[in-house]
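Order as written gives the chain letters A, B and C; numbering starts at 1 within each chain.
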């Protein structure tokens, strides 16, 4: 990638980490955890997906434990949430927009990193989705609630879509910067549409609902 | 192993994955998760034990993220549970028989894979048990309940027995196909006996129960 | 290290494992788990932090699955708790003293092992803290409760302090046995002070608590 795009990639990563960390901090505040708990849930939400990705593809130690910029962004967001949580909760609409950007960046970057580590196509798609939703799942498990992403909302589907597109493009030799950024944009837009239209994944019929 | 047995092994693996995935899907339905949640819990229950095994012995990426047959079996079982969960719940007796087969196959195959990766005997036994019960534990943690296997029923003990037998046989140069399949059969029979006789692992005395 | 210190290190490790396993066993008893559950929670609390450390730095298989002395110590503590839990609960004050020793040993040893594996300074500090508090977090997640360490008490802070000191000493070429054991002692004393003075990490202001 060009320098310009490396910069853009880093900015997307930092935005994703910061916003995911805000979501972790808010769950911790709601659960009345202490400062350490707020920082751990912020870190788990922000860095957990990438740590899972790196453990699964054997890229150790995980960047979530070694890149000081990502760790600092997560810690800063944790402290901001700890100090100003009513304010953070009040701008939750705006946070959801940034969260969609983080989801998009993590899914696409996760799949690309897996491909770069030599995994097959199916593995790369799954690793992309795990990168995107793994942090939120870890946050909720540590906070003692059933993971949000498993309960409602179209959250994982856009991630799956973006991961699949870059992996297919890679395997058919059509991967380009345009495809990468187009995929990120697509994930973002699909996720925002789901937020705005309040789209949910289908739930099982209750027993007795149908004949 | 002979081709015939490789086929048998694959069939056992697929049966184990499919049935464990049904159990994951049923927990997800009971917890009112959405379609993505059903698929994740199906995948966690079916593939989680093997993923833990592969992470612990450094065999990356884990087969649970790379073998499309296993992933397809888990996904199919998730969809079946999503669509037909009252039917799946109704045949739960039959599912428990298949689950015992899965437990047996996973424990023995998990220990053999660990030995093949060069681990010591104790590690291979523990890895076998983790392979067999890890998926169910992951399923329950994600579903927000204390893992079933930690609460009641003789479930892990037959797995431990089967893993120990193949590991001892390996270390004493007595490992043969007969031993492998005998161990699988033994785990299956012990587990079925526990189901039929409703055997449970002992629980701690309540304070005040004894002098 | 000298033989004498290797012995001391092993003793500290075994004390830490044994005491952490008691804490795991007690949680399992309180949750009314069965014998297998008691053993799993004892093992998770005692060996989980080290397993996480080894997975994160790629030192596989983890010592928590391969060193029979550690596994035996954890298993023994689990059985002791299963059989004599009212007695173990009664000496919980004394257990907290040993727990502080375990925390100290695990934090410092965890960071040293990470540095030995070639990680950077920040990674080594984080890995030390994860080694020290990871087992307790795993214990609580498996037992179905929000991790104690995230909720209250100054527990992780002394671990962070000890890890940071040995890492800084290592990077400035001041690491010596005196520094190592001094750090262990410091973590122990700070933790004991927190227990005796009932110090807690700060918690977020409730909404409406301040102007």
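By definition in this document, contacts are C-beta pairs under 8 Å (C-beta built on N, C-alpha and C of every residue); 3 or more make two chains touch, one makes a residue touch a chain.
Model, not experiment: these values are computed from the prediction.
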Lowest number of touching-chain links that must be crossed from chain A to chain C: 1
Size of the rotation, in steps of 5 degrees, that lays the CA trace of chain B over chain C: 120
Intercentroid distance (Cα basis), chain B paired with chain A, Å: 30
Where chain A touches two or more other chains, by residue: 55, 58, 141
Parts of chain A lying in touch with chain B, wherever the complex brings them together: 55-58, 114, 119-120, 122-123, 126-127, 137, 141, 145-147, 149-153, 155-157, 200-205, 207
Touch list for chain B against partner chain A, complex: 28-29, 31-38, 40-41, 51, 55, 58, 60-62, 65-66, 68, 71, 82, 85-86, 141-144
